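The following pair of complexes shares a single chain, chain A, combined with chain B in the former and chain C in the latter.
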Partner chain A sequence: MNEILVILIRGAGVGSLYALIAMSLNLAYNATGVLNFAQGHLLVTAGVCTYLWMPDGAGTASPMWYLTLVAVLVATAVVGMIQGLITLIPMRRDGGSHSWVATTIAGSIVLGALITLWIGPQVVNVPNYFGFVPLPDGRVPGVYPMLVVLALVVWAGLRWYQSSFLSGLALNALSQDVDAARAAGVPALKFQMLAFGLAAAITAGAGFIGSSAIEISGSRGTNYVIFGFIVAVIGGIGNNKGALIAGPLFGVLMMYVSFELGGGLQVVTALAVIVAVLLLRPQGIFGRPHARRV
Partner chain B sequence: MTIFTRSKRGAAFVTGLVLLGTTAACGGGSGSGGGSGPIKVGVPLGITGPAAGTADWDRMGVELSVKQINADGGIDGRKVKAVFVDTELDPAKAVTATNRLINEEKVDLVVGPMTSDETLATLPALSRANIPSINGAGSKLDPKVAPYSFGMLLNAEYQGQKMVDYAVSEYGAKKVAVISYSGTQGKVGREAIEKQLKVKGVEESAGQEYDIPVTDLSSQVLALKKGNPDVVLAFPQTGNDTGLLVQAMRDANLDVPVVGSYATTYAGQAKAVAGPDAYKNFVSVSWPAFSACSTSDVRTEATDFIAEVKKTYGEKRTTGAAFDNIASFRDALWLLKAGIEGSKSTDAKKVTSWLAKNETAAAKKQPLVHNAYALSDDSRFLMDPDSLTLVNAGTEVVPGIIQRIDGC
Partner chain C sequence: MSTKHSTRPRLIRRELRRDLVAGTMLIAAATLVPTFMGNLFWQQAMLLAAVYVIAAVGLDVLRSQAEQMSFGQGAVLGVAAYVAALANGVWEKPLIVAAGLGLAAGMVTGMLMALPSLRVQSYYLGFVTLAGALALPDLIIKFKDQTQALTGVNVFLDGINEPLVGSLNWLTIGVTLLAVLAIFGGAVLRSSGFGRAMLLAGESPEAAVTVGLRPGQLRLQAFALSSFAASVAGVCYVGVIQYVGSGSFTLALSVMLYFVVIVGGPGKVLGPILGVVLLYIVPDHLLAGLLDYRLLIYGTLVLVVMLVMPEGIAGGLDRLLRKLSKRSDDRSRTLISLAPILAAAPRAEVSESDEARTPLLVVDDVRRSFGSVKALDGASMTVERGTVHAIVGPNGSGKTTLLNAISGLISVDSGTVELEGRDITSTSASARARLGLGRTFQQPRVLDSLSVWENIDCGRRSAHQIEWFEEAIAAYAAEWDTMNSGVLPHGQRRFVEVLRALHAGPSLVALDEPAAGLSHGERLEFGQLLRDVAKTTTVTVLIVEHDLDLVWNIADTITVVDGGRVIASGTPAELRNSTTIAHLFVGVDHVAG
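Moving on to the complex of A and B:
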């Protein structure tokens, strides 16, 4: 029973981290058609900023903790917007181009290299700010339930924003049809950059709250974006509700496989899951098939 | 017709040049030690990737030896130049990096790569190119696999045996759980542990493996706990996963002693993850040179070396460093220097043959930091397996020298 509780809480927490990355991928994808492969390194960037900027001994009761959170969100969002601009400009010249594949992968590599230059090649560690959840035999670091809460807050926040605010509605319009939105007077580039910035801020929140549960080093971003992408595909690309449900399920499955069959099978399981989903439901479990113009 | 003949001659000339060039390129390392230019040392390390911190130590070791050897007059009168390349700790990328060292940089010697997986992947290319090397492998090396190469790390098989022996003799273990990383060294270490457990009549209550990089070992530790072990035997790759193991054991309330392989001595990395009391109930296998029972048996070679490393690279970069690891990469080049000067050649066969016969004696003449070199004809491990010792890596007798707990 104790083992099941640990697997459920930790698995849901790790899966929520992937769900947050998936939601940030969705946000930028819906507004621009771009899957930002640098999102994993933006997560690590937020972890690095947390490691460097958080004063020693500051906890959730300290105002400095919240100030650092704001600083990390803003800094990462700015990096995300710059990276978005670099990605979007070549696409404006040739709307049908797939230049974004190269520019987002390049962005990921550049960010990784900058992180290595910034903190050195080693892994850096951030303390767990959220205490522990006691269990009958053992405990779970509080960061894992916090990640679940964060995923729920971000999902609900995005729904509210995209249905209640003019800029949110404009992002929705872009996701429906970019050309039509442009024709209706929506400044597409401005809102697409906003989408990149918001996506980076979501990832930054995950990197800040989950900083004690992620590996902070220049070489790790790619792994996070791969798992985030898997969750986005399982949930249905562009579908945040799908990501919110698929992430924790995926995390729990990974932990359970590791517990029952050994850690060596975790990655194999991840790949098997994505292949199975693509075979059975190419649009993802919660995605809708695209209408095709004839 | 004349034109045709000229073309044929031209083609033959060009072909001859290409063949000559190819022969020269393939013959790297076959020249004598009396060449003119600098001796180039290729150093493939995982400069980025999951063991980048360890690679930084290894880089310091090689850089120090290059500086010292050049100050000492070089190798056989020739200056030494190191060429570092990044393997990202990936065997496939290590092969590409090594091919670059062989074909583009035309290196004479190689120190590295860092792991058994990378070493086993790169050895065929190094052997074909006739380049002598000392690598960071701790398993699967013998004269057939590595005709011109030696491993500087502790032999994983002997580590595994020592870990089991200690678990039985010190803790009276009847049931042990084993956790290892999925690389070659982890697998070899685990096989050795399982073999020795059978010899000792001890039950393996659970076994778990994990891939590198890893951020959480809680599910593996929960599986180990199910078997209710008396002792956990750990074969991790870095101090980072050692810290994750301690953290997961703490969270799962698994309070049994841990006996770990050499990588568990990377205390700086482990403490950064699991806190200052990471080694509360933890014993590790290590080299003797950087451990001591008390301040009275601390080796001055080791403390002088630590002082030199700190002076050269500063406190910030060397905080938490495993100085024995730095020293092993530093000693490697000195040993290759002894081999080249002793055999009067950079030819891989001659250098390795000379080292296999004379390493122990040469080690005494060279200013080496480690003190347990004992190579034989049928071994490709530089270190004497009987020299393995047990330490409490979390406690320092003096800065950089860890507490030995056996033979005191």
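Moving on to the complex of A and C:
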């Protein structure tokens, strides 16, 4: 009974973190058509910044905690915008519309290399800032429910922003026809960089809040972007509500498999899930089938 | 019936030969120079580079021939290597058996990775194969008892690495030859009809099915070729390194092979070689002193090349050479003229046999909705043999949808489509094309990377060739084969597509707005070609067109579509006096009637 509760709470928490990555992927995708392979490394970047910048013993009651939060968000957003610019420039050329696959992966390698140069190959330990949730016998760290709350808040915030502000609306529709937007006088590149920055900030929020729930090291970024992508696919690429629901489901499944079969099979499980979803329902559970091509 | 061809198909296209010679010399020099200098370290490094070239050539087949994205090449190589090593080092099988087992295991892995490609493409496939490559080391560790992951596996080579002369051994000879063979294999594929079919299926699956190709099958074949190359590379890897461990085949290897293709120059003979030089030899060996910065240098190199030479180093060098040699593209500015082909058309008309009197195509009460939009709302029409049959109607009336339902590019909700009395409603588009249903598109599906002739000659061909047409275009095959499709103007691209459809030997060819974007002269030529084709053969022309002047002059029968239904059908003369559709023909007052 208690085990099931722990699996559910931890799974939903880590799954919500993947949902936050998925929402970041969706945000940049809807604005640029790019699925940023480096999103996982941005998460790790935020985790490392949190580890290095948070004063010892600072908790949610301390103003330093909030200052560090702002610093981590801003720093990661800047890194994301620079990476976005490097990705977007080759795409503006004729026939360059698919260059993002190579440039975002190369970006992730450069980020990973810089992180390793910065802190070495160590795994960083970020403390849990949110106390513990008592269970009938035992307790789980508060970071897990906190991640669920964060995912809900970000989802609602994005929804409000994208339905109430012209810039939000533009972000959501820009990738449909960038040329038309540019012709209509929309500063497409600025909006697209804004999307990359905002996506990086959301991921940074997830990294700041949730680093104690996952392993932060330069070599783990790829795992996290793959998990985030899988959640995005299950929810339907571009669909945040789908990601919000798919994340915890996926997280609980992963937690359950780890519990039953031991660790080390997370990626294998994820691979099985993504293959099954793509073979059975490629548009995702909440996505719509593609329009005709001819 | 076989047709006469003035051009013999060449095993390797002329423009690839220079690069093949250069590539062969590069590979041979790289492996043999250190061998004869007795430098064992560089000999092994260069052999490993050759192994990577073999795998990268295979990946380039996927990337450039079949337009598929895979990050799993390193995992396929890894499985083949690991199994070969286990078979030799642990199960104590002879080398040749171990190699065979390794190849088989690699092929199985590659085909498993290919399965999702039946449903999804592009970045979906990228992420799936990425996950596969990431999962491999985890699996090797999870099954550590079987894989000996803790110690790794040592391999014994039974003397193939014994020196023959100096430090030359069979291993060096074998790996060098296989690498050279790989780049030749890539060039042969690129020059073959099979390679062109793969390319069309990759770039435009909907166009591929209209010339009778099966894109899913071609994708799997591309994965099979690519996996074979990776498996051969894996077996060679075991020979060169003589050890495998759980850390030998990480995601980094798969990502490197992907970048080797992209950075080296996709679709270029020298691409994989240049890519391996830049991304393996430079960071791993030439800059070995900067070990800590290896990944940073490597990632930055990729970013810089993508910014400076988006088509890769080989592609960028090619363009530079062309600029330097100032060879003007006079030839590529030559236009395709239909006139000589028309001149070859026989004057005599085909006499009507009994067969010709049964209708060729019958569409009965076809319905299709997209969401709440009824694109086809009970459309029925009959197309007679050897006629030019036009479908006209306002924008959004369902003309293209009707054509798609006939070609099988969309399924219908209800109703039937019959070809020569045979119900083809549930027949796939590709099978319909093989039954003789040809098709062109509003946006011509012409591949810029192929010559004009390669674009025409890239589908399956039926037994019912239009003989005079084949003879006429065969005379131009050699000339068109030197013409670059990328510089053709829009109208000319349409001609290419129509010629491709006719070259397949169709019984009916469906053209979607073929006259859009054509000049006045081109329209006249084009209309004449369609008339000649219908008059001199039993080929039927079905045409959706906005240019009513053209339609009026060439069509035997006109079907008028509006709101997803057929509202009138008849000869131009009959329709001329019809009041129900008069509003459609406003402005068409100088027709021949």
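A few notes on this one:
By our rule, the second predicted complex is superposed on the first by the 280 of 294 C-alpha atoms of A that agree within 3 Å, B and C clash if a C-alpha of one lies under 4 Å from a C-alpha of the other, contacts with A are read in each partner's own complex, and residues count from 1 in each chain.
One rule holds for everything that comes next: a contact is a pair of C-beta atoms (placed from the backbone, for glycine too) under 8 Å apart; a residue touches a chain by one contact, two chains touch by 3 or more.
Since we're looking at a predicted model, the values are computed, not measured.
With chain A as the common reference, chain B cannot sit beside chain C without a clash.
Look at A:Met64: by the touch rule set out above, it reaches neither chain B nor chain C. Contacts of A:Met255 after superposition: chain B is touched, whereas chain C is not reached. Of the two partner chains placed by superposition, A:Ala180 touches none, neither chain B nor chain C.
Judged by the touch definition given at the top, the superposed model places A:Val78 against neither chain B nor chain C.
By the document's definition of touching, both partners, chain B and chain C, reach A:Thr116. Within the superposed three-chain model, A:Leu52 lies out of touch with both chain B and chain C [touch as defined at top].
In the superposed model, A:Leu152 lies in contact with neither chain B nor chain C.
Once chain A of one complex is fitted onto chain A of the other, the partner contacts of A:Val14 are limited to chain B, with no touch recorded for chain C.
In the superposition on chain A, A:Val267 makes contact with both chain B and chain C. On chain A, the surface patch touched by chain B in one complex and by chain C in the other comprises residues 112, 116, 223, 264, 266-267. Here chain A touches chain B in the complex through residues 3, 6-7, 10, 14, 112, 116, 120-125, 132, 137-141, 213-215, 217-220, 223, 255-256, 258-260, 262-264, 266-267, going by the rule given at the top.
Interface residues of chain C, counted against chain A in their complex, comprise 69, 115-116, 118-120, 122-124, 126-128, 130-132, 134-135, 138-139, 141-142, 206, 251, 255, 258-259, 262-263, 292-293, 295-296, 298-300, 302-303, 306-307, 310-311, 370, 400, 404, 409-410, 441. Interface of chain B with chain A (complex): residues 47-50, 52-53, 55-56, 88, 182, 208-211, 213-220, 222-223, 226, 240, 243, 251-253, 269, 272-273, 317. Of all the residues in chain A, the ones that touch chain C in their complex are 35, 86, 89-90, 93, 95-96, 98-99, 101-103, 105-107, 109-110, 112-114, 116-117, 222-223, 226, 229-230, 233, 264-268, 270-271, 274-275, 278-279, 282, 292-294.
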